[in-house]
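Some structures to go through are shown next.
One chain, chain A, links the two complexes that follow: it is found with chain B in the first and with chain C in the second.
On to the complex of A and B.
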């Protein structure tokens, strides 16, 4: 045990260590200042009654008690977030991977075109268009087309009827979800060593499916993990799409996610302590899911 | 003999059937139509004259397309406190600074975190992932306090510096660099290259796809930086702020807002296409990595 420890210690070369820290320095300076410090100061706020005006007082676990014991809307928002995450997370992850792979099978110039078309939604903010598409009157594109085809006999209130709200918000969320993860996977596919495929062809790999399973997926682990983390964050912190599309608060709180609840208490009621407690709970859940998925992706090979 | 001819026919990729590729193309095309429809409608709405807004049934095209909405947007933006070109210049400067600084700092940090051997690298890696996962409203308040404490309110620094270090960028690059075989790094060391030279001369030229992807993210987020609560001096404000103001003031608001959204989308799209072309070109003539 002891000699091994010694060896480990010696394997850190002093001058290399110094060079490493020097190269990290520019990033770390900004990262600590604008991310780490704010996060560290934010963490304990959940245990206080901070309201942005008075000095915060330590209130122990009372925020968390209130959350789980007396905040019915919070409990509802957990359900909504889970439905949201289950539908938008894995579906969009599979979509990201599948589309990135299929695009990779196309000739060069088509690659750029399709990547652009699938990625544009995450660059644009065109909620107004979606509102027109799902507008509740006959001017809405969906209503108009469905009534023309005789599928619907009267206009549906897609954005205000609590039966449809969640479905519409998930659909739009999926539409914009081919973002960072998708692009990282595309880059990953481009970066795979071609000689691996040549070797595979020689060794008897017969079609693109086998190539995908035996060569591509194992070579793409790092990008797949990146995309997974991005999808987790996007799925669990979903909030903006709902607020922009169906308004805030939505009918019957149908699109009220945990993050929307945090927004409500933070920026509408200025109960930052409570809002922060909500974020802490969400973070713990995301951290757990992330651990699980990291383990899954690491084990696969 | 058959092996060789097979290899040549498929340029090294196993069993590519032409029909399969066509099927993939048709599938992607159908999906692309659905994906592009809202964007297409956004463009259509930005060129629709206001009298066409309430035609029934809603049309998928503009009967009498016009650039009035764009004209109105530029007119309204021209009436703001400072000339329109000033907002453009501010945004171009901020975007260029953030993109370059982000790529420079993130690449180096990612290389060190992926391949460097020093105490604390594991810890830093998990800090980066955790900071990605933790999101809270309070963070913005503390960030504001940090910026105010540093005396950066009403300077370009307030627009640029907070966006320089993004954990996402480092995470992306780190994942990609981790695929490079250690042997390559060791070989560079044997040749006498330090970490810094190994990073820029040997690793980065191999990381074009990831680097280009990072640039796309950086450009896109920087281009959308709003002056928000950090800058009150009108001459320092950025284009998104000016365009939002213009879109909120005109008469035919919906049309102008749509024109503003379409207008703001053009530079990131051009940048995206240029960067993606580069990603795909790299693949075509380099089979580096051993």
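On to the complex of A and C.
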């Protein structure tokens, strides 16, 4: 009887796993083809001088050497990306969490409405509207409101003055950043077992803050990890928002992040080898930061 | 037009058979409908057609019933526009709500006239309602207008507050008037039946339309929308057109009727917008690409993707068709890699009426004249608009770029003779840069503005734009007809006393890729397409399809005179074109344009010293040029 039981168990597992693979197959195909393979290819391309037209020639470490030692703009872009990541990453993360928490308190129908309202900017292309709001003529909304209030006397160039550019870009990035991470946190809040709160009330939890720290956050660890990963990726690879909002290139490279720098070398200067080198460096940095955050969040026990 | 009807005058063989045919009404309907001309009593009208010979049916758009109210509305719009501008000159575009402008005391006749206009508007609205039987949304625009005018007459002190509403309503009525002129009508077929036959049914059955929809949906997966004309032959020439469907169809018509039969070369035409560069890089590009512009020809040529044209048969003759320096945009390292197709250059547009009202009688001929005019303009809250690159800085210099104009007029190009460095460290160049930034820092020119809206509402009576702005004005702002004109760009007085109106231009051209197998066929195609005859025909075709808005800015000098420009306009265009000088595109042009803009913005926005700034950024430009030269030499 025992061998029979084992045989049944084995065949059950195999057919189950085949079904799982079949369901994964379409997404896996796209993922491997368009994400994994390009990443793997760009690593060796970083060691060549590929200009997209002629065959690449091996140039060794010269790209990386130029990158760190003689590329002034790259160093500047690291600074810009860090400022960007520090301001928009954690702030956005906290914002996602707070909003998800607050929305969770609302009655059922309002929950959906508000989730939609906060999620839509991440999908839609909001740059035209923001360009209108920050437009540099006196008809732009910010300019005209401030001029009406008497704070300004003449139109400020929000999008082309290097003093204001980073601020504007961070603002819009925060607006757009409520994306997949936000949804994950929303779902996470809904899945918390209500009995935990009751048990907590019995055990002596006095206010909402303690409830948050002792029950909610530990229960949401997987979602918080996911949201953190998404925010880090978004913060470090922010490039489109800068390009679409303040133009390419931004005045004096004020909103020039590492990704924009890579885009510049790849598509404008036809130096794909150098661009791949930049992307490889960014990839390694992000990988390191991710590992750090995972360890941090995993220790929160 | 919703709520109204479109009217047509129908004539048979050049004669209108009866009075009902003078004004056949097609009422507005979303669905298919049969329209049968009938008498007032509802009887069908019969027309006699003699047998055995062909007949012509002509349908001509006529104003119809709506003509009378429209005729009364036109002068009202003109009067309102004039009042709007006079109020604007007193209050400025954003009136301060705490200031008493006393508009009714400065313009004493305003209340009386507004009352009069309001009365006339009420009459017109009534007559429109009588026509259609109900208040359409169009008549509501008129109602909004006279409501505002009544409010202005009641409380003249609030006129500045209503300024923006006045402007919006005037614009709404103008655009409605423009729409009515079109008398839009789409005809599917014309049916002629004798007395005993029945006209076919046009109301569609729900199920048959459902079946049709399903079939059309499935067919949409099978059809190749980008291929405009295909040829079965394997060695056909592949041509990609980087513009819209209308232009591609025009090319196709010309190719099929005049190129393939004469030269016996089959051609495949596809519409591909964007992605031509990427396709070429991937090796899947075409043999010939049309309307490729910007910095792409030079960049592709520098990397060996384009075929060199100046050593081919017939190049010298083909070159005569264009302005002297038009080839510059397609020249790299001494070789020419493309033929110009379109060429756009700047001219100065001006509002005659507003300048006269502001007391300016002569147009500025030089930059100094323009600056001298500024106090008179700015006192009346008016401005002048110059060309300034927007956020996305392209590698090729925009036509009319103020800095480029100043440099060229002083006889300087951007680069030295062998294109290895810029000329920006010379005294003349630094002075030009300083002059440019002074316009914005000392003389308060605005950096960002919308040329069309501002020219139309009159706040910017002088605007420098490409001459194609003309087409936009003619088709989208018809209420300004006769009130504006254009002339040469402001120039610089040279030491010998003459004034140089040099300017740069930009355009798109035709290129041949090196990977093509039939190089001679491709070159033949280029020569044919850029010839005067074909360019004129193409221009007329495109203008016929797209209207005035789509008038083609051909690079072919003679073809331009064959398009529908008036002789006066043509003269100005030719004079300006003769003075064009070009700024070459080099592979490192992106560094040049972006550093110039950064230097400009640092000087103007952050108030730095112009001379230091341009010298500083010039270093970056030269480093980048050297780097690119080394990069491409390997």
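The rule is short, and it goes like this: the second predicted complex is superposed on the first by the 267 of 301 C-alpha atoms of A that agree within 3 Å, B and C clash if a C-alpha of one lies under 4 Å from a C-alpha of the other, contacts with A are read in each partner's own complex, and residues count from 1 in each chain.
Quick note on the criterion: a contact is a pair of C-beta atoms (placed from the backbone, for glycine too) under 8 Å apart; a residue touches a chain by one contact, two chains touch by 3 or more.
Bear in mind the structure is a predicted one, so any value in this text is a computation, not a measurement.
Within the superposed three-chain model, A:58 lies out of touch with both chain B and chain C [touch as defined at top].
After overlaying the two complexes on the shared chain, residue contacts for A:167 are found with neither chain B nor chain C.
Comparing chain B with chain C, the partner in contact with more residues of chain A is B. After overlaying the two complexes on the shared chain, residue contacts for A:144 are found with chain B and with chain C alike. Once chain A of one complex is fitted onto chain A of the other, the partner contacts of A:210 are limited to chain B, with no touch recorded for chain C.
In the superposition on chain A, contact of A:136 is made with chain C only, not with chain B. After overlaying the two complexes on the shared chain, residue contacts for A:68 are found with neither chain B nor chain C. In the superposition on chain A, A:237 makes contact with chain B only, not with chain C. Residues common to the contacts of chain A with chain B and with chain C across the two structures: 52, 138-140, 144, 148. Looking at the complex, you find that chain A touches chain C at residues 49, 51-54, 57, 131, 135-140, 144, 147-148, 155, 157, 159-163, 246-249, 251-253, 268-271.
Contacts from chain C toward chain A in the complex involve residues 93-94, 281, 299, 303-305, 390-393, 395, 446-450, 587, 590, 594, 597-598, 601-602, 605-606, 628, 631, 634. Those residues of chain B that touch chain A in the complex are listed here as 3, 6-7, 10, 12-17, 20-21, 24-25, 27-28, 31-32, 35-36, 38-39, 41-42, 45, 54, 56-58, 60, 104-106, 108-109, 111-113, 116-119, 121, 124, 127, 129-143, 146, 150, 161-162, 164-165, 167-168, 170-172, 175-176, 178-179, 194-196, 199, 207, 209-210, 212-213, 216-217, 220, 254, 257-258, 261, 265, 268-269, 272-273, 276-277, 279-280, 282-284, 287, 289.
Those residues of chain A lying in contact with chain B across their complex are 11-13, 16-17, 19-24, 26-31, 33-39, 41-43, 45, 50, 52, 99, 102-103, 105-106, 108, 110-112, 114-121, 123-126, 128-130, 132-133, 138-141, 144, 148, 175, 178, 180, 183-184, 186-188, 190-191, 193-195, 197-198, 200-202, 205-208, 210-211, 219, 222-223, 225-226, 229-230, 232-233, 237, 259, 262-263, 266-267, 272, 275-276, 279-280, 282-283, 286-287, 290.
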